[in-house]
Amino acid sequence: MSDAMIEFREVTKRYAGLVANDRLSLTIRRGELMTLLGPSGCGKTTALRCLTGTIRPDAGRILLDGRDVTEVATHQRELGMVFQNFALFPHMTVRDNVGFPLMIRNLRKEARATRVQEALRLVRLEGYAEHYPRQLSGGQQQRVGLARALVYRPKVLLLDEPLSNLDAKLREEMRFEIKEVVTRLGITAMYVTHDQAEALALSDRVAIMNRGRLQQLGTPEEIYETPNSRFVAEFIGLSNFLEGRVASVRGATMTVTASGLSIHTPSLPEVAPGHKVLLFVRPNEIEILPAATPADTNVFPARVEKTTYLGDTMDYRLMLGEGVELRVQADARHRYGAGESVRLRWPRVRSWRANEE
Amino acid sequence: MTGFWRRHSIHGITGLLLLPAILCFFGLFFYPMLLTIVLSFRPEGQAVGWTLENYTRFLASPDGRWVILLTFILAVGSTALSVLLSVPLALTLREKIRGHRFYRLMVIVPLVVPGLIGALGLLLFWGTRGWFNLFLTQFVPFLPSPLRVNYTIHGLILFYVWLYFPYTCVTTMSALESLDQSIEEAGAVVGANRWQVLRYIVLPLITPGILAGSVLTFMAAFGAFSVPLIAGGDYRPLAVEIYKEISIPIPARWSAASAIAIVMGILQVAFLAMYMRIVRRAGGNAGAVR
Amino acid sequence: MTLLKAYLRGLREGWFVLGYTLCVCLSVFILAPFLMIALRSVGKGWFGKLWLPPQLTWDWYRWAIEVGNIPEVMKNTLIIGVIAVAVSTVIGIFAGWAFGRRQLPGKELLMAIVLLPRMIPPITYALGVAKIFYTLELVDTHLGVALAHVSVCAPFAILVLSATFEGLDERVLEAASVCGANTVKRFFYVVLPLIMPGILASMLFSFTHSYNEFTLTLLTYGPNTVTLPVRTYLAVGDGYWEITSAMAVIMVVPSLAILAMIQRRAKPEKLVGGFKGV
């Protein structure tokens, strides 16, 4: 049996000329928590709804545990799903909400009661069985949603922005709770969100989507450390970009001229002098050094324009050379004031060929 | 191909779902209306021929014009009084004063009680033997004879207010309710006193609501039938005049009645269009009005 | 400064006194007519300058029931009301489904058209309705009078049920599907319980309208289909105020019961949405 639990094969969906999913292919492995991440309108929700069967793709197949479910009705797909707006049944108690999938499957009453009890214990809501959804807080409602999705042990758990209707503190708490429950049950989960912090904290792998296509697929580390495009780099974390031209290539490193600076960076495959490249540095990967630091490779003079205190770090806006603004986040223990001259060291610079964007 | 059929069958189903409503609309409203229009152009008592006489006779006679004028007087008068009553009342009920639930209930009572009953009670209360005149003659000095209210124009206006002011009042209350409290606070913070907040912030914001509500009251008063029928006496507005044409003369004058009905219908549609414009212009402010 | 504050407080209290006076006057204005009807219906020998009737009696009710034939009239009213409610609720459910849950080109316009009869005084099209019913021999039949009532009840049912169906959360239905419910189970376990309050409200509204409808009844009734409002109106013409009052009380009690029910559930704005049967 294959390792794939969910498989999108060249799934395409158009809405009145707008392509929501453009030959999307994606495989989610058994027991993995995969996040579909992207800005609104990137097609992640369409992908999810194709998987639940609420939308029929125009082309392509969807496989669930090796079985082609493209033509299968939603209620026969054996899915568990947590909704953004909770989507609890307002006229049922928590017990009936959680028991609903079991009742639909004609489970006997006693068996149902124990399973419901189990599910409620899993989400720590044992005492709330007789409450109605409207009597619960947002966080509690979402835990009921989670219990309802898990109670009949579906093959796959789908989570559609489950935390976006909660306040910031609760969101963080629930994030860990979901992660823990999913890990404990070893269930395959697909998590859809536009919140990059959630994606990084939760996932085994992240799939970043843009304009209906898969932009990059990888572990959170891979996505953050080696984004494969400007889009991904901008979407995940903060970044500084510099456009430049390759001046020379020497083995594994090359020199790039950008805004009058000579920057050394690991070379790219098939790159030759004269090619345009885009350089990219994370704000926390730049060191700020006193102005007296001797010149070296990738050490450049700069002037502090503006500082913002952020508690554990300082956020600097610096002017580098001829009108290049950089953003740097550094330890708040050594502070530099606005107007001060400093030197910046870039220990790590990444680059892409500029026109591959 | 399948998509094509799917789409069309979906429209078919929607059409099927709407069919009873459309049948009801055509059978019970549109076709009767059409028939009334046709009837209004027929010579009295005949099934063929065309004539404008029914209109000219009604519109040209002083009696006919008086009927229209009277209908307007009653509607305008009761609408004005309704606004005067509703705005202070809505402002008062907005504060959660003691018993506000009860007073709110009082506002909607006339909406659920049949106009007939209201009119009957009002005739009793304001009549020469009613409590109102009893109070006047016993407690107000220099007023030996009872005040005549029933079967007068001002009495009719008063009855209309009783029946139709809730439209204005409820709409005004809901406009007030949907008002963002923080806007007023903002006004108070920059130094406006209660009166200024009311005058420069609250009233302008609820004006669309008041306007929409008063048009509702106006339309109801304009179309009033049961009240003037039993409490109007010799004063017969349009609706009663229509009924009189088919109930009093023998044989009934259907064509004359139809002509008056069409005149009334045209005026009412014009008011309706006005109301729609106000509601649309008010947008979110009078959203609850719909 | 303190003087100013005292002045402002006085102003405010003055405002409250005024407000209270207004509310109390309003209550008298609204309620006194009912009280007078109620007292008239049980008072005997109430002439001259008396605030209250000197003697109480049930005679007027007995007269109303026997002479006014109230049981028969009540039966007519109920039969007509039930038919009108049934027809308009069916119309309302179908149309509400179409308006609330389906994509519909020109939805707003269609809705406005269907709701038009609610905004036009019935007397303007009641003539036509009567003419048609004369030809179809529907005048003075329960079905006929009920159908005439449907022209005002149905728009109401459509309005209420469209809102109900629109309020049905798509996601909740989707959740039911994902949980494994097929169309039939989804309808019985989720859709029906969720729209039931709307259906009940629409039935209640429709019944109230039919019960109170006067104009359309007056133009389509006959000796066999006298309803309560018409009977009361005829009694006014007879000039016996005591008996008329007794009839009015018999008629208004159910109205007030319905008011109590509505008051607990619906917002009053909903009532304003349409004119009652004036």
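Lettered A, B and C in written order, each chain numbered from 1.
By our rule, a residue touches a chain if its C-beta (ideal position, glycine included) is under 8 Å from a C-beta of that chain, and two chains touch if they have at least 3 such contacts.
Values in this document were obtained by computation on a predicted structure and should not be read as measured data.
Visitor: Give the fewest steps needed to get from subunit A to subunit B, where each step moves from one chain to a chain it touches.
Guide: 2
Visitor: Determine which of the two chain pairs, A-C or B-C, is joined by the larger number of C-beta pairs in contact.
Guide: Of A-C and B-C, it is B-C that has more C-beta pairs in contact.
Visitor: Can you compute the centre-to-centre distance for subunit A and subunit B, using the mean CA position of each chain? Integer Å is fine.
Guide: 58
Visitor: Between subunit A and subunit C, what's the gap in Å when you average each chain's C-alpha atoms?
Guide: 55
Visitor: From the C-alpha centre of subunit B to that of subunit C, how far is it in Å?
Guide: Result: the chain centres lie 16 Å from each other.
Visitor: Quick check: what residues of subunit A touch more than one other chain, meaning two or more?
Guide: Residues of subunit A touching two or more partner chains: there are none.
Visitor: Residues of subunit C that touch two or more other chains: which are they?
Guide: none
Visitor: Over in the complex, which subunit C residues touch subunit A? Could you list them?
Guide: Residues of subunit C touching subunit A: 169, 171-172, 174-182, 185-186, 189-190, 193-194.
Visitor: In their shared complex, at which residues does subunit C touch subunit B?
Guide: 8, 11-12, 16, 18-20, 22-23, 26-27, 29-34, 36-37, 40, 47-49, 51, 87-88, 90-92, 94-95, 97-98, 102-104, 110, 113-114, 116-117, 119-129, 131-132, 147-148, 150-151, 154, 158, 208, 211-212, 214-215, 218-219, 229, 232-233, 236, 241, 244-245, 248, 251-252, 255-256, 258-259, 262-263, 267-269, 271-273, 275-278
Visitor: Within the complex, which stretch of subunit B touches subunit C?
Guide: Within the complex, subunit B contacts subunit C at residues 10, 13-14, 16-22, 24-25, 28-29, 31-36, 39, 85, 88-89, 91-93, 95, 97, 99, 102-118, 120-122, 124-125, 129-132, 134, 137-138, 162-163, 166-167, 170-171, 173-174, 193-194, 213, 216, 219-220, 222-227, 229-230, 239, 242-243, 246, 254, 257-258, 261-262, 264-265, 268-269, 272, 288-290.
Visitor: Would you pull the subunit A residues touching subunit C in the complex into a rising list?
Guide: Against subunit C, subunit A makes touches at 52-54, 73-81, 83-85, 87-91, 100-101, 103-105, 148-149, 152, 158.
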